[in-house]
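Below are two complexes that have subunit A in common, paired first with subunit B and then with subunit C.
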Partner chain A sequence: MGGGTVKLLLLALLLAAPLASAEPGSVRGEVRIFVTGPDGKQTPKADRSGVVVYLTGYTEEAPTEVAKMSQRDKTFFPSVLPIVAGQKVEFANRDVVLHNVFSRSVARRFDAGKNRPGETYVETFKKTGIIDVYCDIHEQMVATVVVVPNRAFAVTDKDGRFELRGVPPGRHPLFAMHRRDEKSDIARVEVVVESGGTATATLELTETRADDTHLDKHGKKYGPRPDYSDKSP
Partner chain B sequence: MALAGASLVAAFVLTTLAVKDAARQKIASDLERTLGSFQRRARISQERIRDVAEARAKDRSFREMSLSVNSQDAQAGLGDETAEADGIREARYVIDSADTDAFGGELPWAFFNASRRLVYTRAAPKQLGDKPLELPLLDAALNTGPRSALWSPAQLRALPFTFIRQDDLREGDLLLVHAQPAYGTSHEVPVGVVLSGQWVTDVLLKEPDSGSQMVDTQVHFAVRAEDGTMATQLPLETRLDGPDMEAGQAHDVYLGDTLYLVREGPLSGLTDKSPPLGQVFVLRDFDVEIKPILQRFQLWLMPTAVGIVLFALAAAFFLARGLASPLVELEAAAGRVRLGDLTVEVPVRGTDEVGRVAQSFNEMVSGLRQRDQIKGLFKRYLAPQVVDELLKNPEKAAPGGERKLLTVLFSDLVGFTSMSEQLSPEELVALLNTYFEQATGVLTLHGATLDKFIGDAIMCFWNAPLPLEDHAARACLTALDLLAVVDRLSPVFEARGLPRLDCRIGINTGHAVAGNLGSSAAQDYTVIGDTVNLASRLEGAAKVYGTRTLVAEDTLLAARGVVLARELDLLRVKGKQQPVRVFELVGTADTVPAPHLAHFAEGLALYRSQRFTEARAAFLASPEDPPSQRFAARCDTLLVTPPPQDWDGVFTLDSK
Partner chain C sequence: MRAVRWLALVACILGVTWAEPALAGRRPFIWTFDTDIVPKGDVELEQWLWARSRAPAFPSRPSVYWIWWGPVIGLSQHLELAIPFQVLATRDITELDSFEADFRYRLFPRGDDRPFQPLIRAVWHQSIRDSSPSRVDADLVGSYQWDSGLRVALDLGTQVGIPGLRASDAPVQILGTYSVGVSYPVIEDELRLSLESFGEFGLKDVDADPHVFVGPSVAWTFGRMWITAGTFVGLTGIADETPRFMPRLIWAVAL
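Now for the complex of A and B:
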C-alpha cells in the first residue's frame, strides 16, 4: 500500500512539475558540414542530410513503437536511425538474399543471425551509445543506430536544418553526429532553452578522410561468402 | 753475418712494436666504427619495433578493436561508466579471437587505450586495466610520439601490469621497449599506445649467425640502462667506466687476465632528438685482436727479411767474387809464367787498381816474352854477352830483315865423310862435338854470329845483328884460330888412327840481307845473298888451290891489314861473271912471310902476263907449297894449249 502511494506521488510530481514550472521549448538550427580535401582545405558539403542532432542531460521513456531498419538491395534503410534508450528496432529483410545483421559496438553487441528474405529480427537497445550496424555477409552494408536518452532528437534534411521539440527549459548539451560511414567528428554545443521558447543553434561537423572498413562479427576480415541459402540458419 | 742477424732482430722487434701500436690505433678506430655501427643497429632495431607497432596500429582489425576500446559514446554524450570496461573486454575478445600473429607473434606487447588503461597484455591476457596507469613512457608516447626505453628486470617487475611473465624475466638482460601511439580515424588524437619489447640480448647482443658476413667474434658489447643495470656479452666484474675515463676515447679494461679496449657511447633513441636510452660499451680483446695482425705481419716479414738477408749475402758473395776473380786470374797467370808460359795474358777489366795491376802484369809478361824471344832468337847464334848486350839494347837487334855489309865465313872439315865411315855414330858425334865445342869457343871469342852447323860445316857471319866495325878482321882472325883448332885436334885424331883432320875456310864480305827467315814455327836468324854464296864457293874453291883458306879481296881490304895474306888468283866462280881476287890467309899481321910466298907472287905475275914457262919455273921453285904446285900444273896445261888472245888471267871454276 505505502509503495503504491509513493509511486503515485512521484508520478504526480513528474507530471506536475513541468506543467507547474515551465512549458517545453524547442531547438532549431542548422548543421554545417565541411569536407577536408586532400590539400587540407575545407569545403562546405552540399548534402547535409542524415545528421542526428540530439540533446542529453535528461532521460525520457522510450516510445513503445518499434523502430524499423530494413535491408533492401544490400543496403540498410534508413542508414541512420536515432532511437531512445529502451526502444526496440526491427531489422527486416526485404531483400532477395540472405543477411546477417550484427553489431559489436560497446553499447550493444548483438547478432541477428542469418535472415532469409522476409524474415525479421527485433533487438532492444537499452544503453545509450552509437551502434554500428553491419551485415556479416555484405561488407558494404553499413548503418548507424544512435541510442539517445530522450525523445528530443532529429535527423537533418538536405539543408542541414533540424528542429527538436519538447525540450525542457534549461541548459543542455546539444550534439550532432553524422552517419558513421561519413566518418565525420561529433559536434557539441550548449543550448539554453527558455520555457516555451525556441533556441537556435548551429553545429559544425568536419569530415576527415578515413577508411570505413570494418570486421565481420567474429572480428575477422570479410572474405567471399555466399549470400543465398535454401537452408534456414 | 752476426751484424745482419742483430739488425734483423732489432728491426723485427721495432716493427713488431710499431705494428702493435698501429694495431692498437686500428682497434681503437675499429671500436669507434663498431660503436657507430652498433648505434645504427640499435636504431634499426628500434625502427623495426616501431614499424611493427605502427603496422599493428594501422591494421584494420586493430583499428576496429581500438574503436570499441575508445568508444565515442562518451564523446557523443551517450556513454556510461561501464561502457569503457565493456569496450576493453570487447577488444580483448577481438585480439584473442584474431590471429595473434597479426598482433606481433612471439614478442611481448601490450595495448593501452587513450586514457592509459590497459587493454591487453600478451603476458597476461586476462589482466584488465581497471584504472589509468601512471607510466611516463605512455604519457610520452601519447603526448609527443614514438618513444623507446631500456627497462631492467627490476623495472619490469615493478610495473603495475604484467609485461613480461615472471618466468620469462631475464636477469642480466635489458628489455628494449618501444611505445608507439596508435591512431584511429583522427590522426591528431591517438586511440592508444602499443607497447612492444625485445630483449637486448636477442636483438643487439645476439651472436652473429655463422653464415653472416659480419662475423666479428672479437667484438663484445655491453648495454647499460639508466638505472645502471647492464646487459653484456661478457661476464663483467668491473665497471666499464670510471672517473678517469675520457668520453669518446678508447681505454683499457682488464677483465680477469684479458685486456680489452673499451669504447663507450650513448645508446641513442629512435631519432637524434630522442633522449638516449642508456649507454653502450664496445669491447675488443686486444690480445686476440692483435694476434692475427702480428701473425700476418710475421708471416709476411720473416720470409721477406730472411730473403733479403740471403739476397744480400748472395750479392756480397758474387760481388766479392767479381772483385776477386781478376786477382784469381792473375794468380793463375803468374803460376803459368812461373812454369815458363809467357803466352798468358790476363783480361783487363776496368781502370781500377785491379785493372791496373792486370795491365802491369800483362806488360811484364810481354816484356818477358820479348826478352825470351830475343834470347831464343840469338842465343844459338851469338855469344851470351852479345845476347845480353842485345837484351839491354833491343833496338840494336833489328831482327827484321835488313841489308847491310857483312862478312860471312864458311868452314868445312876435310875428309870427314870418309872418316865417318870408319867410326861408329857415337864416336863420330863425340868427335864432331869436340871440334864444334872448340870452334864455337873461337867464334864466340870473335863475336861471330853462328848461323848454323851443316853437318861438319860451320857458317857464321859478323856485323849482324850487332854492328861490328871490324867484322872482316874478326872473320880473318877467326879463320886463323879455327885452323889452329884443327891443328891442335889433328894429333888427337891421328893418335886414334884416323886420317889427318883438316879444314877449308871461305870468307867473303859484301852486302847481304840479315833477318829471321822461316815460318813462325821454325825461324832462323840468317843471312842470304850473293855474298853468302860466294863465301861458300870460296870455301869449296880452296880445294882447287890446295889451300885451307880462301878469302875474297873485299874481306881482305876491309880487314885492313890485321892479317897477312897472299893473292892466289882471279877467280870466276860458277854463276858469277865478275871475277874475284882471292887470297890465302897466311897468318896474323906480324907473321914472317915464308920465302915461297915471294916465289909464288913472282910466278903469279909471270902467269898473268902469259909467260907461262917462266911462271912455271917460279912456281916449281917451291914444291912444298900446294898452290905453287897447282899453278905449275896450270902453266903446263896453258903451255900445251895456249889461252885465247883475250885471256885475262881469270880462272873460271865450273864446279861448285
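Now for the complex of A and C:
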C-alpha cells in the first residue's frame, strides 16, 4: 500500500467520522403528575396518560400523512393531538349531530363551518403552538392540537412513560404539556443526546382544575343552539 | 335629534372597540372580489355603500349613490350565495334598482392551504328600472398569498346586458371589467392596507368610454364584523369619462 493510498484512506476516515457520529439517538423517560387537593397537599396522580412530550431546537419536514381528530358522542377523539408544523388535520364528524369545529387560538384561527354527520374538514397548521379546539354548537367539546417543530414527540402511557426516537445528537430542550382532562403548566428540562445513545429525563407537572369556560367562535357566550338531531343523548 | 344620532354613533364606536378580534376580514379590497367565502352553514349580512362623482368631461352628469344590501349564505365549503337588493340615488331620485342572485364558487374548498386560490362568480342581476337591462355578470378571480401575508388578487369580469328580456329590440350589451389589488397585513388577522385598480370598458354596444381608477383601502376585522373602506381616484388623464372619485364602504356582520 503506497503512502498516497494511506493518506487517502485516512482522509476518508476523517471525513466519515462526523457522519458516523451523527447517528440519531433517543430520549426515554417519565412524566410525574401531582394533583393539589383542597387542603393544599400534593398527591401523585395514578393515570398519567395523555401528556404530550416534545423536543425543540430543530425543525423537520411535516409528514404527508393527514392526522385525524373526529367527533363522536359530542366528544373529540383524540382530545389531544400532537402534529408537526405544516401537517394537515382532518376533522371528521362521526357523530349523529351537527358540529362546527373552530379555534380562536393565536397560533391558528380557523372555522370549519357546520358539518353534518359523515362530512369532513381539513385544516393545515403551519405554525408551532398550542391550539384550543372547540365546537360552536356544543360548549362541552374541548380538544387541543399541539403543533411541534419536529417528529420527536410522544404521548405518555398510563404510567407516564414516553420514548422519543430519531433525535439528533446534542443538547435539546424537552417539554411536557398536559391538556387531556385537566390542564397544567408546561414542564421543561434539558437533555443531552449522544450519538446513537439514549438519554433519560423525568418531568414533573402540577395539575390545576381545568378552566373549561370559553367563548363561541364569534367571541360571545354560548346560548342554546340546535344541532338538528333528536338522536342526541 | 342630533343628540340621538351622536349617542348612536358613540354606542357603535364603543361596541366596536370592546368587541374581541375574530377571524380576518373576508375581503381586503373595495372592488376586487377575493376568494374567501362564508363558512358552511353560516349567514352574514353584508352591505356596500358607494358613489360615483361627476366626470370632468361631463360636469352636468350627476353623482350617483348605491346601497347594496343582503344576506350572504355559506352553502358548502366551496359555494356561497348572496341575495341582495340595490338602491340607487341621485340628487333628484331614490329608487329600487335591482335584485341579484350572486353565486361565488371556490375551486378548492375552505381550509385548503394552497397559496393560489381561484374563484368563479356568477350573478343574475334583475333590473327593475326601465333604463338599464337585466344582465348576467361573470368573474374569474384568483388570489395568491405569501407566508408574509402579502396578498394579490386579480378579478376579470364581464357584464352581459340583455334588453330583449323586456321585449326591447336593443342589442345585447357587453361590458368588460378588470380589477387588481395588493394587500398587506399591518396587524395579522385584524388590519390590512391595500391598493387596487379597477377599470371598465365597453366590449359591445356600450355607449360609454372606458373608466379607469386606482386607490387605497383599509380592512379591519373585529368581533363578528368586518369592514373595508377606501376610495378610487379616476385616472381622468387616461379616460376623461372616468368619474373623479368612487369611494366605497363594505361591512358585514355574522348572524
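Assume the second predicted complex is superposed on the first by the 204 of 233 C-alpha atoms of A that agree within 3 Å, B and C clash if a C-alpha of one lies under 4 Å from a C-alpha of the other, contacts with A are read in each partner's own complex, and residues count from 1 in each chain.
Heads up, the rule we're going with is that a contact is a pair of C-beta atoms (placed from the backbone, for glycine too) under 8 Å apart; a residue touches a chain by one contact, two chains touch by 3 or more.
It should be emphasised that the depicted structure is a prediction, and the values quoted were computed from it without experimental measurement.
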Touched partner set for A:121, first subunit B, second subunit C, both or neither: second
Partner chain(s) touched by A:186 [first = subunit B, second = subunit C, both, neither]: first
Partner chain(s) touched by A:109 [first = subunit B, second = subunit C, both, neither]: both
First, second, both or neither for A:218, with subunit B first and subunit C second: both
First, second, both or neither for A:159, with subunit B first and subunit C second: neither
Superposition-derived comparison: subunit B or subunit C, residues of subunit A touched: B
Subunit B versus subunit C as contact partner of A:56, first or second or both or neither: first
First (subunit B), second (subunit C), both or neither touched by A:47: neither
Subunit B versus subunit C as contact partner of A:130, first or second or both or neither: first
Residues of subunit A at both interfaces, subunit B in one complex, subunit C in the other: 104, 109, 215, 218-220
Residue numbers on subunit A that touch subunit C, as the complex places them: 88, 98, 100, 104, 109-115, 121-124, 126, 215, 217-220
Subunit B-facing residues of subunit A, complex: 56, 104-107, 109, 127-130, 146-149, 173, 175, 177, 183, 185-186, 188, 208, 210-211, 213-215, 218-221
Complex contact set, residues of subunit C against subunit A: 19-24, 39-42, 74, 77, 109-113, 147, 189, 223-224, 254
Residue ranges of subunit B in contact with subunit A within the complex: 60-61, 64-65, 68, 71-73, 75-80, 83-84, 86-87, 90, 93-94, 97-98, 185-187
